[in-house]
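Dropping the structures in below, format is C-alpha coordinates.
Look at the two complexes coming up: subunit A is in both, with subunit B in one and subunit C in the other.
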Partner chain A sequence: MMFAFITITIFVCMVMIMIRLFAGPTLYDRVLSLNTFGTCTVLFIGTVGLLFGRPDFLDIALLYALINFVGTIAVLKFFRYRRIGDAPEIPETPDIEASQ
Partner chain B sequence: MELTVTLLLFFALVGTAVAIALVRNLFAVVMLSGVTSLLSALLFIVMDAVDVAFTEAAVGAGISSVLMLGTIALTARHEKAPKRISLVPLAVVSLTGMVLIYGTLDMPNFGAKDSPVQTHVGPDYLQRTPEEIKVPNIVTAVLASFRSWDTLGEVTVVFTAGLGVILLLSGLGRRRRRGRGPS
Partner chain C sequence: MSWTLVIDVLSWALFLGGGFFLFVGSLGMLRLPDFWSRLHAASIIDSAGVGLILAGMLLQTGFSLITVKILIIIGFLLITGPTATHAVANAAFVSGSRPKDIVEDATAPAPVEKAPKKKTKKSAAAKTARKRRA
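For the complex of A and B:
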(Lines of atoms letter the chains of each structure in order from A and count residues from 1; the text may use other names and numbers.)
(Lines give C-alpha, C1' and ligand atoms only; values in the text may rest on other atoms or scores of the structure.)
Protein backbone atom coordinates (compact mmCIF):
# COMPACT_ATOMS: atom_id res chain seq x y z
CA MET A 1 0.00 0.00 0.00
CA MET A 2 2.81 2.36 0.90
CA PHE A 3 4.70 1.65 -2.32
CA ALA A 4 1.49 2.15 -4.33
CA PHE A 5 1.01 5.56 -2.72
CA ILE A 6 4.64 6.51 -3.44
CA THR A 7 4.30 5.37 -7.07
CA ILE A 8 1.17 7.45 -7.58
CA THR A 9 2.85 10.47 -5.97
CA ILE A 10 5.88 10.17 -8.25
CA PHE A 11 3.56 9.84 -11.24
CA VAL A 12 1.74 13.05 -10.23
CA CYS A 13 5.16 14.75 -9.99
CA MET A 14 5.98 13.50 -13.50
CA VAL A 15 2.75 14.93 -14.88
CA MET A 16 3.48 18.32 -13.27
CA ILE A 17 7.01 18.28 -14.72
CA MET A 18 5.54 17.53 -18.14
CA ILE A 19 3.24 20.53 -17.80
CA ARG A 20 6.27 22.70 -17.00
CA LEU A 21 8.12 21.19 -19.96
CA PHE A 22 5.17 22.00 -22.20
CA ALA A 23 4.65 25.55 -20.93
CA GLY A 24 8.14 26.48 -19.74
CA PRO A 25 8.96 29.93 -21.07
CA THR A 26 12.76 29.68 -21.10
CA LEU A 27 15.16 27.06 -22.39
CA TYR A 28 16.55 26.31 -18.95
CA ASP A 29 13.12 25.48 -17.56
CA ARG A 30 12.91 22.78 -20.19
CA VAL A 31 16.41 21.40 -19.66
CA LEU A 32 15.87 21.33 -15.92
CA SER A 33 12.47 19.68 -16.27
CA LEU A 34 13.91 16.98 -18.55
CA ASN A 35 16.63 16.32 -15.97
CA THR A 36 14.06 16.17 -13.16
CA PHE A 37 11.89 13.88 -15.27
CA GLY A 38 14.85 11.53 -15.61
CA THR A 39 15.33 11.59 -11.84
CA CYS A 40 11.64 10.79 -11.39
CA THR A 41 12.07 7.91 -13.85
CA VAL A 42 14.85 6.51 -11.67
CA LEU A 43 12.65 6.77 -8.57
CA PHE A 44 9.69 5.29 -10.45
CA ILE A 45 11.73 2.25 -11.57
CA GLY A 46 12.81 1.71 -7.97
CA THR A 47 9.33 1.93 -6.47
CA VAL A 48 7.74 -0.13 -9.27
CA GLY A 49 10.33 -2.83 -8.68
CA LEU A 50 9.49 -2.89 -4.98
CA LEU A 51 5.74 -2.71 -5.72
CA PHE A 52 5.84 -5.77 -7.99
CA GLY A 53 8.17 -7.62 -5.61
CA ARG A 54 11.23 -7.46 -7.87
CA PRO A 55 13.81 -5.26 -6.10
CA ASP A 56 16.50 -6.32 -8.61
CA PHE A 57 15.31 -3.38 -10.73
CA LEU A 58 17.29 -1.10 -8.43
CA ASP A 59 20.64 -1.48 -10.21
CA ILE A 60 18.91 -0.74 -13.54
CA ALA A 61 17.65 2.46 -11.94
CA LEU A 62 21.28 3.37 -11.22
CA LEU A 63 22.12 2.96 -14.91
CA TYR A 64 19.27 5.32 -15.75
CA ALA A 65 20.71 7.89 -13.37
CA LEU A 66 24.03 7.69 -15.24
CA ILE A 67 22.34 8.10 -18.65
CA ASN A 68 20.36 11.05 -17.32
CA PHE A 69 23.51 12.76 -16.05
CA VAL A 70 25.45 12.27 -19.29
CA GLY A 71 22.47 13.39 -21.39
CA THR A 72 21.98 16.58 -19.41
CA ILE A 73 25.69 17.39 -19.65
CA ALA A 74 25.54 16.85 -23.43
CA VAL A 75 22.51 19.13 -23.83
CA LEU A 76 24.02 21.88 -21.66
CA LYS A 77 27.35 21.64 -23.47
CA PHE A 78 25.45 22.02 -26.69
CA PHE A 79 23.71 25.16 -25.44
CA ARG A 80 27.03 26.61 -24.32
CA TYR A 81 29.15 25.91 -27.37
CA ARG A 82 26.53 25.35 -30.11
CA ARG A 83 28.20 22.07 -31.06
CA ILE A 84 28.55 18.59 -29.61
CA GLY A 85 32.06 17.41 -30.34
CA ASP A 86 35.21 19.49 -29.88
CA ALA A 87 35.39 22.86 -28.16
CA PRO A 88 35.09 25.75 -30.64
CA GLU A 89 38.25 26.78 -32.46
CA ILE A 90 37.05 30.35 -32.94
CA PRO A 91 35.47 31.67 -29.70
CA GLU A 92 32.20 33.41 -30.45
CA THR A 93 31.67 35.33 -27.23
CA PRO A 94 34.25 37.11 -25.08
CA ASP A 95 33.59 35.12 -21.90
CA ILE A 96 34.46 31.84 -23.65
CA GLU A 97 37.74 33.45 -24.72
CA ALA A 98 38.45 34.48 -21.14
CA SER A 99 37.76 30.99 -19.81
CA GLN A 100 40.18 29.44 -22.30
CA MET B 1 -1.94 -2.80 -9.77
CA GLU B 2 0.22 -3.57 -12.78
CA LEU B 3 -2.67 -2.71 -15.09
CA THR B 4 -3.15 0.65 -13.32
CA VAL B 5 0.53 1.56 -13.70
CA THR B 6 0.50 0.53 -17.37
CA LEU B 7 -2.64 2.58 -18.06
CA LEU B 8 -1.23 5.65 -16.30
CA LEU B 9 1.99 5.41 -18.31
CA PHE B 10 0.06 5.01 -21.57
CA PHE B 11 -2.06 8.09 -20.79
CA ALA B 12 1.11 10.08 -20.06
CA LEU B 13 2.57 8.83 -23.35
CA VAL B 14 -0.49 9.97 -25.31
CA GLY B 15 -0.38 13.35 -23.53
CA THR B 16 3.29 13.78 -24.50
CA ALA B 17 2.53 12.89 -28.12
CA VAL B 18 -0.27 15.49 -28.27
CA ALA B 19 2.08 18.06 -26.70
CA ILE B 20 4.75 17.30 -29.33
CA ALA B 21 2.16 17.89 -32.04
CA LEU B 22 1.06 21.22 -30.51
CA VAL B 23 4.36 22.84 -29.49
CA ARG B 24 6.08 25.02 -32.13
CA ASN B 25 9.37 25.57 -30.26
CA LEU B 26 11.65 22.83 -31.53
CA PHE B 27 13.84 22.71 -28.39
CA ALA B 28 10.73 21.85 -26.41
CA VAL B 29 9.89 19.18 -28.98
CA VAL B 30 13.32 17.58 -28.51
CA MET B 31 12.93 17.60 -24.71
CA LEU B 32 9.41 16.15 -25.01
CA SER B 33 10.66 13.37 -27.28
CA GLY B 34 13.20 12.54 -24.58
CA VAL B 35 10.30 12.31 -22.13
CA THR B 36 8.46 10.04 -24.59
CA SER B 37 11.32 7.58 -24.73
CA LEU B 38 11.74 7.62 -20.94
CA LEU B 39 8.03 6.83 -20.60
CA SER B 40 8.24 3.98 -23.10
CA ALA B 41 11.29 2.67 -21.27
CA LEU B 42 9.20 2.64 -18.08
CA LEU B 43 6.48 0.71 -19.93
CA PHE B 44 9.05 -1.86 -21.09
CA ILE B 45 10.29 -2.21 -17.51
CA VAL B 46 6.74 -2.80 -16.26
CA MET B 47 6.50 -5.54 -18.94
CA ASP B 48 9.78 -7.08 -17.60
CA ALA B 49 11.74 -6.32 -20.80
CA VAL B 50 14.58 -4.63 -18.95
CA ASP B 51 17.21 -4.82 -21.71
CA VAL B 52 14.86 -3.33 -24.31
CA ALA B 53 14.01 -0.57 -21.85
CA PHE B 54 17.64 0.22 -21.30
CA THR B 55 18.31 0.43 -25.04
CA GLU B 56 15.28 2.67 -25.45
CA ALA B 57 16.48 5.05 -22.73
CA ALA B 58 20.07 5.18 -24.01
CA VAL B 59 19.17 5.65 -27.66
CA GLY B 60 15.91 7.59 -27.37
CA ALA B 61 16.64 9.93 -24.48
CA GLY B 62 20.42 10.08 -24.88
CA ILE B 63 21.79 9.86 -28.40
CA SER B 64 18.80 10.88 -30.50
CA SER B 65 18.09 14.03 -28.41
CA VAL B 66 21.70 15.12 -28.92
CA LEU B 67 21.50 14.36 -32.66
CA MET B 68 18.24 16.31 -32.98
CA LEU B 69 19.80 19.25 -31.11
CA GLY B 70 22.65 19.17 -33.63
CA THR B 71 20.07 19.26 -36.43
CA ILE B 72 18.37 22.25 -34.82
CA ALA B 73 21.73 24.06 -34.66
CA LEU B 74 22.09 23.59 -38.42
CA THR B 75 18.49 24.51 -39.35
CA ALA B 76 15.86 26.57 -37.51
CA ARG B 77 14.66 26.84 -33.94
CA HIS B 78 10.96 27.33 -34.58
CA GLU B 79 8.53 25.38 -36.64
CA LYS B 80 6.44 27.41 -39.09
CA ALA B 81 2.76 27.44 -38.18
CA PRO B 82 0.74 25.51 -40.74
CA LYS B 83 -1.32 27.71 -43.04
CA ARG B 84 -4.24 25.30 -43.28
CA ILE B 85 -5.25 22.08 -41.61
CA SER B 86 -4.54 19.20 -43.95
CA LEU B 87 -6.76 16.20 -43.41
CA VAL B 88 -5.02 13.65 -45.64
CA PRO B 89 -2.04 12.99 -43.27
CA LEU B 90 -4.43 12.67 -40.33
CA ALA B 91 -6.50 10.14 -42.28
CA VAL B 92 -3.40 8.16 -43.29
CA VAL B 93 -2.12 8.08 -39.71
CA SER B 94 -5.51 7.03 -38.30
CA LEU B 95 -5.89 4.33 -40.93
CA THR B 96 -2.39 2.96 -40.24
CA GLY B 97 -3.10 2.97 -36.50
CA MET B 98 -6.37 1.10 -37.01
CA VAL B 99 -4.63 -1.49 -39.23
CA LEU B 100 -1.95 -1.98 -36.57
CA ILE B 101 -4.56 -2.42 -33.82
CA TYR B 102 -6.41 -4.88 -36.07
CA GLY B 103 -3.16 -6.79 -36.48
CA THR B 104 -2.79 -7.19 -32.71
CA LEU B 105 -6.28 -8.73 -32.32
CA ASP B 106 -5.04 -12.17 -33.42
CA MET B 107 -2.05 -12.14 -31.11
CA PRO B 108 -2.01 -14.20 -27.89
CA ASN B 109 -2.39 -12.29 -24.64
CA PHE B 110 0.63 -10.78 -22.92
CA GLY B 111 2.41 -13.57 -21.05
CA ALA B 112 0.00 -16.29 -22.21
CA LYS B 113 1.32 -19.81 -21.57
CA ASP B 114 0.07 -21.33 -24.82
CA SER B 115 1.54 -18.69 -27.14
CA PRO B 116 3.97 -19.98 -29.82
CA VAL B 117 6.81 -18.06 -28.15
CA GLN B 118 6.50 -20.19 -25.04
CA THR B 119 5.82 -23.55 -26.71
CA HIS B 120 8.09 -23.60 -29.80
CA VAL B 121 11.82 -23.65 -28.93
CA GLY B 122 11.75 -21.84 -25.57
CA PRO B 123 11.39 -24.95 -23.37
CA ASP B 124 14.22 -26.62 -25.31
CA TYR B 125 16.57 -23.73 -24.56
CA LEU B 126 15.50 -23.70 -20.91
CA GLN B 127 16.12 -27.46 -20.63
CA ARG B 128 19.44 -27.63 -22.47
CA THR B 129 21.15 -24.49 -21.13
CA PRO B 130 22.04 -25.76 -17.61
CA GLU B 131 23.60 -29.02 -18.90
CA GLU B 132 25.16 -27.95 -22.20
CA ILE B 133 26.21 -24.31 -21.74
CA LYS B 134 26.37 -24.03 -17.92
CA VAL B 135 25.55 -20.28 -17.89
CA PRO B 136 23.01 -19.05 -15.33
CA ASN B 137 21.48 -16.45 -17.70
CA ILE B 138 19.43 -18.10 -20.48
CA VAL B 139 19.49 -15.00 -22.70
CA THR B 140 23.28 -14.92 -22.58
CA ALA B 141 23.40 -18.62 -23.44
CA VAL B 142 21.08 -18.13 -26.43
CA LEU B 143 22.96 -15.07 -27.75
CA ALA B 144 26.52 -16.25 -27.13
CA SER B 145 26.24 -19.98 -27.74
CA PHE B 146 23.09 -21.19 -29.51
CA ARG B 147 23.11 -18.24 -31.92
CA SER B 148 26.79 -17.33 -31.78
CA TRP B 149 27.21 -17.11 -35.59
CA ASP B 150 24.33 -14.64 -35.72
CA THR B 151 25.87 -12.58 -32.93
CA LEU B 152 29.28 -12.64 -34.65
CA GLY B 153 27.64 -11.30 -37.82
CA GLU B 154 25.89 -8.52 -35.90
CA VAL B 155 29.10 -7.52 -34.14
CA THR B 156 30.89 -7.42 -37.50
CA VAL B 157 28.20 -5.15 -38.95
CA VAL B 158 28.35 -2.77 -35.98
CA PHE B 159 32.16 -2.72 -36.04
CA THR B 160 32.22 -1.94 -39.77
CA ALA B 161 29.69 0.86 -39.33
CA GLY B 162 31.67 2.41 -36.48
CA LEU B 163 34.89 2.17 -38.47
CA GLY B 164 33.25 3.88 -41.45
CA VAL B 165 31.87 6.70 -39.30
CA ILE B 166 35.25 7.29 -37.62
CA LEU B 167 37.04 7.37 -40.99
CA LEU B 168 34.48 9.80 -42.47
CA LEU B 169 34.56 12.17 -39.48
CA SER B 170 38.36 12.29 -39.16
CA GLY B 171 38.79 12.99 -42.89
CA LEU B 172 36.29 15.86 -42.74
CA GLY B 173 38.03 17.59 -39.82
CA ARG B 174 41.45 17.45 -41.49
CA ARG B 175 40.14 18.91 -44.75
CA ARG B 176 38.44 21.80 -42.94
CA ARG B 177 41.55 22.71 -41.00
CA ARG B 178 43.65 22.63 -44.18
CA GLY B 179 41.13 24.89 -45.93
CA ARG B 180 41.48 27.55 -43.24
CA GLY B 181 45.21 27.86 -43.78
CA PRO B 182 48.13 27.50 -41.35
CA SER B 183 47.24 28.03 -37.72
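For the complex of A and C:
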Protein backbone atom coordinates (compact mmCIF):
# COMPACT_ATOMS: atom_id res chain seq x y z
CA MET A 1 0.00 0.00 0.00
CA MET A 2 2.62 2.52 1.02
CA PHE A 3 5.01 1.40 -1.70
CA ALA A 4 2.23 1.84 -4.29
CA PHE A 5 1.54 5.35 -2.96
CA ILE A 6 5.16 6.46 -3.06
CA THR A 7 5.69 4.86 -6.50
CA ILE A 8 2.76 6.80 -7.97
CA THR A 9 4.04 10.03 -6.35
CA ILE A 10 7.51 9.53 -7.80
CA PHE A 11 5.99 8.80 -11.23
CA VAL A 12 3.94 12.02 -11.20
CA CYS A 13 7.05 14.00 -10.21
CA MET A 14 9.03 12.34 -13.01
CA VAL A 15 6.36 13.40 -15.54
CA MET A 16 6.58 17.03 -14.32
CA ILE A 17 10.40 17.01 -14.48
CA MET A 18 10.18 15.51 -17.99
CA ILE A 19 7.99 18.43 -19.11
CA ARG A 20 10.68 20.84 -17.87
CA LEU A 21 13.32 18.71 -19.58
CA PHE A 22 11.63 19.17 -22.97
CA ALA A 23 10.55 22.80 -22.46
CA GLY A 24 13.71 24.17 -20.83
CA PRO A 25 14.71 27.44 -22.46
CA THR A 26 18.47 27.09 -21.91
CA LEU A 27 20.93 24.21 -22.02
CA TYR A 28 21.55 24.29 -18.26
CA ASP A 29 17.84 23.86 -17.49
CA ARG A 30 17.92 20.66 -19.50
CA VAL A 31 21.09 19.37 -17.82
CA LEU A 32 19.71 20.17 -14.35
CA SER A 33 16.37 18.48 -15.02
CA LEU A 34 18.20 15.48 -16.53
CA ASN A 35 20.19 15.11 -13.30
CA THR A 36 17.05 15.41 -11.15
CA PHE A 37 15.23 12.95 -13.43
CA GLY A 38 18.05 10.43 -12.86
CA THR A 39 17.78 10.89 -9.08
CA CYS A 40 14.01 10.27 -9.29
CA THR A 41 14.70 7.20 -11.44
CA VAL A 42 16.95 5.78 -8.70
CA LEU A 43 14.12 6.23 -6.18
CA PHE A 44 11.60 4.75 -8.64
CA ILE A 45 13.65 1.60 -9.28
CA GLY A 46 14.14 1.07 -5.53
CA THR A 47 10.46 1.47 -4.66
CA VAL A 48 9.31 -0.70 -7.58
CA GLY A 49 11.70 -3.42 -6.40
CA LEU A 50 10.26 -3.28 -2.89
CA LEU A 51 6.67 -3.11 -4.27
CA PHE A 52 6.94 -6.30 -6.30
CA GLY A 53 8.98 -8.14 -3.68
CA ARG A 54 12.24 -8.18 -5.60
CA PRO A 55 14.76 -6.14 -3.60
CA ASP A 56 17.60 -7.09 -5.93
CA PHE A 57 16.56 -4.06 -7.98
CA LEU A 58 18.52 -1.96 -5.47
CA ASP A 59 21.75 -3.05 -7.17
CA ILE A 60 20.41 -1.59 -10.43
CA ALA A 61 19.44 1.59 -8.57
CA LEU A 62 22.98 1.98 -7.18
CA LEU A 63 24.46 1.44 -10.64
CA TYR A 64 22.04 4.01 -12.10
CA ALA A 65 23.09 6.56 -9.46
CA LEU A 66 26.76 6.08 -10.37
CA ILE A 67 26.14 6.37 -14.14
CA ASN A 68 23.84 9.40 -13.66
CA PHE A 69 26.53 11.40 -11.83
CA VAL A 70 29.25 10.51 -14.33
CA GLY A 71 26.91 11.32 -17.24
CA THR A 72 26.02 14.77 -15.86
CA ILE A 73 29.70 15.67 -15.39
CA ALA A 74 30.50 14.32 -18.88
CA VAL A 75 27.76 16.41 -20.54
CA LEU A 76 28.95 19.55 -18.74
CA LYS A 77 32.57 18.85 -19.70
CA PHE A 78 31.58 18.30 -23.32
CA PHE A 79 29.72 21.61 -23.56
CA ARG A 80 32.62 23.43 -21.86
CA TYR A 81 35.57 22.03 -23.82
CA ARG A 82 33.76 20.55 -26.87
CA ARG A 83 35.57 17.24 -26.36
CA ILE A 84 35.10 14.33 -23.96
CA GLY A 85 38.64 12.93 -23.78
CA ASP A 86 41.78 14.85 -22.86
CA ALA A 87 41.53 18.64 -22.99
CA PRO A 88 45.13 19.86 -23.06
CA GLU A 89 44.56 23.59 -23.54
CA ILE A 90 41.73 25.75 -22.25
CA PRO A 91 39.95 27.56 -25.12
CA GLU A 92 39.57 31.33 -24.98
CA THR A 93 36.66 32.07 -22.67
CA PRO A 94 36.95 35.63 -21.34
CA ASP A 95 34.06 35.07 -18.93
CA ILE A 96 36.20 32.84 -16.71
CA GLU A 97 38.67 35.61 -15.92
CA ALA A 98 35.85 38.12 -15.48
CA SER A 99 34.02 35.90 -12.98
CA GLN A 100 37.12 35.33 -10.90
CA MET B 1 2.91 -6.87 17.24
CA SER B 2 2.88 -3.27 18.38
CA TRP B 3 6.49 -2.98 17.21
CA THR B 4 5.49 -3.56 13.59
CA LEU B 5 2.70 -0.99 13.98
CA VAL B 6 5.21 1.59 15.26
CA ILE B 7 7.53 0.86 12.33
CA ASP B 8 4.63 1.15 9.86
CA VAL B 9 3.53 4.51 11.28
CA LEU B 10 7.11 5.81 11.21
CA SER B 11 7.66 4.74 7.60
CA TRP B 12 4.26 6.17 6.57
CA ALA B 13 5.35 9.49 8.08
CA LEU B 14 8.70 9.35 6.29
CA PHE B 15 7.04 8.45 2.96
CA LEU B 16 4.48 11.25 3.31
CA GLY B 17 7.20 13.78 4.11
CA GLY B 18 9.41 12.57 1.28
CA GLY B 19 6.53 12.58 -1.19
CA PHE B 20 5.61 16.11 -0.11
CA PHE B 21 9.15 17.42 -0.63
CA LEU B 22 9.46 15.55 -3.94
CA PHE B 23 6.15 16.99 -5.21
CA VAL B 24 7.02 20.52 -4.06
CA GLY B 25 10.44 20.32 -5.67
CA SER B 26 9.19 19.05 -9.02
CA LEU B 27 6.33 21.58 -9.04
CA GLY B 28 8.93 24.28 -8.43
CA MET B 29 11.06 22.95 -11.28
CA LEU B 30 7.97 23.18 -13.51
CA ARG B 31 6.67 26.59 -12.41
CA LEU B 32 9.54 28.79 -11.17
CA PRO B 33 10.55 31.54 -13.60
CA ASP B 34 14.35 31.52 -13.52
CA PHE B 35 17.15 29.00 -13.91
CA TRP B 36 18.61 29.89 -10.51
CA SER B 37 15.30 29.41 -8.69
CA ARG B 38 14.82 26.09 -10.49
CA LEU B 39 18.26 25.14 -9.15
CA HIS B 40 16.91 25.74 -5.63
CA ALA B 41 13.91 23.47 -6.32
CA ALA B 42 16.17 20.71 -7.70
CA SER B 43 18.36 20.83 -4.60
CA ILE B 44 15.24 20.27 -2.46
CA ILE B 45 14.60 17.02 -4.38
CA ASP B 46 18.26 16.00 -4.10
CA SER B 47 18.46 16.38 -0.33
CA ALA B 48 15.08 16.19 1.41
CA GLY B 49 13.10 13.93 -0.94
CA VAL B 50 15.86 11.35 -1.43
CA GLY B 51 16.80 11.25 2.26
CA LEU B 52 13.25 10.84 3.59
CA ILE B 53 12.06 8.27 1.01
CA LEU B 54 15.17 6.10 1.35
CA ALA B 55 14.91 6.30 5.16
CA GLY B 56 11.32 5.02 4.91
CA MET B 57 12.48 2.14 2.71
CA LEU B 58 15.24 1.47 5.25
CA LEU B 59 12.65 1.06 8.05
CA GLN B 60 10.51 -1.31 5.96
CA THR B 61 13.18 -3.81 4.92
CA GLY B 62 14.26 -4.96 8.36
CA PHE B 63 17.94 -5.65 9.01
CA SER B 64 19.70 -7.58 6.26
CA LEU B 65 21.94 -7.04 3.24
CA ILE B 66 19.26 -4.78 1.72
CA THR B 67 19.83 -2.33 4.58
CA VAL B 68 23.51 -2.05 3.64
CA LYS B 69 22.58 -1.46 -0.02
CA ILE B 70 20.11 1.30 0.88
CA LEU B 71 22.69 2.92 3.20
CA ILE B 72 25.24 2.88 0.34
CA ILE B 73 22.66 4.49 -2.02
CA ILE B 74 21.84 7.18 0.60
CA GLY B 75 25.52 8.04 1.14
CA PHE B 76 26.28 8.13 -2.56
CA LEU B 77 23.26 10.28 -3.47
CA LEU B 78 23.93 12.71 -0.61
CA ILE B 79 27.50 13.17 -1.87
CA THR B 80 26.90 13.34 -5.63
CA GLY B 81 23.62 15.30 -5.66
CA PRO B 82 25.01 18.63 -4.35
CA THR B 83 28.21 18.06 -6.34
CA ALA B 84 26.31 17.74 -9.62
CA THR B 85 24.08 20.71 -8.75
CA HIS B 86 27.16 22.82 -7.99
CA ALA B 87 28.75 21.72 -11.27
CA VAL B 88 25.66 22.80 -13.25
CA ALA B 89 25.48 26.13 -11.38
CA ASN B 90 29.20 26.79 -11.93
CA ALA B 91 28.90 26.00 -15.65
CA ALA B 92 25.91 28.35 -16.00
CA PHE B 93 27.73 31.12 -14.07
CA VAL B 94 30.89 30.78 -16.15
CA SER B 95 28.88 30.87 -19.38
CA GLY B 96 27.55 34.31 -18.44
CA SER B 97 24.07 33.64 -17.03
CA ARG B 98 23.15 35.81 -14.05
CA PRO B 99 20.08 36.11 -11.81
CA LYS B 100 17.62 38.83 -12.81
CA ASP B 101 17.99 41.25 -9.89
CA ILE B 102 21.77 41.47 -9.96
CA VAL B 103 22.96 44.39 -12.10
CA GLU B 104 26.66 44.47 -11.38
CA ASP B 105 29.11 41.81 -10.24
CA ALA B 106 28.19 41.15 -6.60
CA THR B 107 31.32 39.13 -5.87
CA ALA B 108 33.69 42.06 -6.39
CA PRO B 109 34.87 43.59 -3.09
CA ALA B 110 33.26 47.00 -2.62
CA PRO B 111 35.89 49.01 -0.59
CA VAL B 112 38.66 48.21 -3.03
CA GLU B 113 36.45 49.63 -5.79
CA LYS B 114 35.60 52.78 -3.86
CA ALA B 115 39.18 53.63 -2.86
CA PRO B 116 40.62 54.44 -6.33
CA LYS B 117 37.53 56.50 -7.18
CA LYS B 118 38.24 58.83 -4.27
CA LYS B 119 41.89 59.05 -5.31
CA THR B 120 40.88 59.91 -8.86
CA LYS B 121 38.49 62.55 -7.59
CA LYS B 122 41.23 63.99 -5.39
CA SER B 123 43.73 63.87 -8.23
CA ALA B 124 41.20 65.51 -10.55
CA ALA B 125 40.59 68.19 -7.96
CA ALA B 126 44.34 68.64 -7.58
CA LYS B 127 44.71 68.93 -11.34
CA THR B 128 42.03 71.59 -11.50
CA ALA B 129 43.71 73.39 -8.59
CA ARG B 130 47.05 73.28 -10.43
CA LYS B 131 45.37 74.62 -13.58
CA ARG B 132 43.85 77.46 -11.60
CA ARG B 133 47.24 78.28 -10.05
CA ALA B 134 48.86 78.26 -13.44
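A few remarks follow.
Note that the second predicted complex is superposed on the first by the 91 of 100 C-alpha atoms of A that agree within 3 Å, B and C clash if a C-alpha of one lies under 4 Å from a C-alpha of the other, contacts with A are read in each partner's own complex, and residues count from 1 in each chain.
The criterion applied here is as follows: a residue touches a chain if its C-beta (ideal position, glycine included) is under 8 Å from a C-beta of that chain, and two chains touch if they have at least 3 such contacts.
From a predicted model like this one, the values you see are computed outputs, not experimental measurements.
With the two structures aligned on subunit A, subunit B fits next to subunit C without clashing.
For the superposed model, the angle subtended at the Cα centre of subunit A by subunit B and subunit C works out to 180 degrees in steps of 10.
Among subunit B and subunit C, the chain that touches a larger number of residues in subunit A is C.
Using the contact criterion defined above for the overlaid structures, shared-chain residue A:F78 touches subunit B, although it does not reach subunit C. In the superposed model, A:V31 lies in contact with both subunit B and subunit C. In the superposition on chain A, A:D59 makes contact with subunit C only, while subunit B stays out of contact range.
In the superposed model, A:R20 lies in contact with subunit C only, and not with subunit B. By the touch criterion stated above, A:T39 is placed in contact with subunit C alone, subunit B being left untouched. When the two complexes are overlaid on their common chain A, residue A:F69 makes contact with subunit C while staying clear of subunit B. Contacts of A:L50 after superposition: subunit C is touched, whereas subunit B is not reached.
With both structures placed on the common chain, the touch criterion links A:T9 to subunit C but leaves subunit B unconnected. Superposition on chain A places subunit B within reach of subunit C only down to 15 Å, the least C-alpha distance between them.
According to the touch criterion, the shared surface of subunit A, contacted by subunit B in one complex and subunit C in the other, consists of residues 14, 31, 33. By the touch rule above, subunit A contacts subunit B in their complex via residues 4, 7, 11, 14-15, 18, 21-22, 24, 27, 30-31, 33-34, 37-38, 41, 44-45, 48, 51-52, 57, 60, 63-64, 67-68, 70-71, 74-75, 78, 82-84.
Interface of subunit A with subunit C (complex): residues 2-3, 5-6, 9-10, 12-14, 16-17, 19-20, 26, 28-29, 31-33, 35-36, 39-40, 42-43, 46-47, 50, 55, 58-59, 61-62, 65-66, 69, 72-73, 76, 79-80, 93, 95-96, 98-99. Within the complex formed with subunit A, the residues of subunit C that make contact are 8, 11-12, 15, 18-19, 22-23, 25-27, 29-30, 35, 38-39, 42, 45-46, 49-50, 53-54, 56-57, 60-61, 66, 69-70, 72-73, 76-77, 80-81, 83-85, 87-88, 91-97, 105, 107. If you check the complex, the residues on subunit B that touch subunit A are 1-2, 5, 8, 12, 15-16, 19, 22-23, 27-28, 31-32, 34-35, 38, 41-42, 45-46, 50, 53-54, 57-58, 61-62, 65-66, 69-70, 73.
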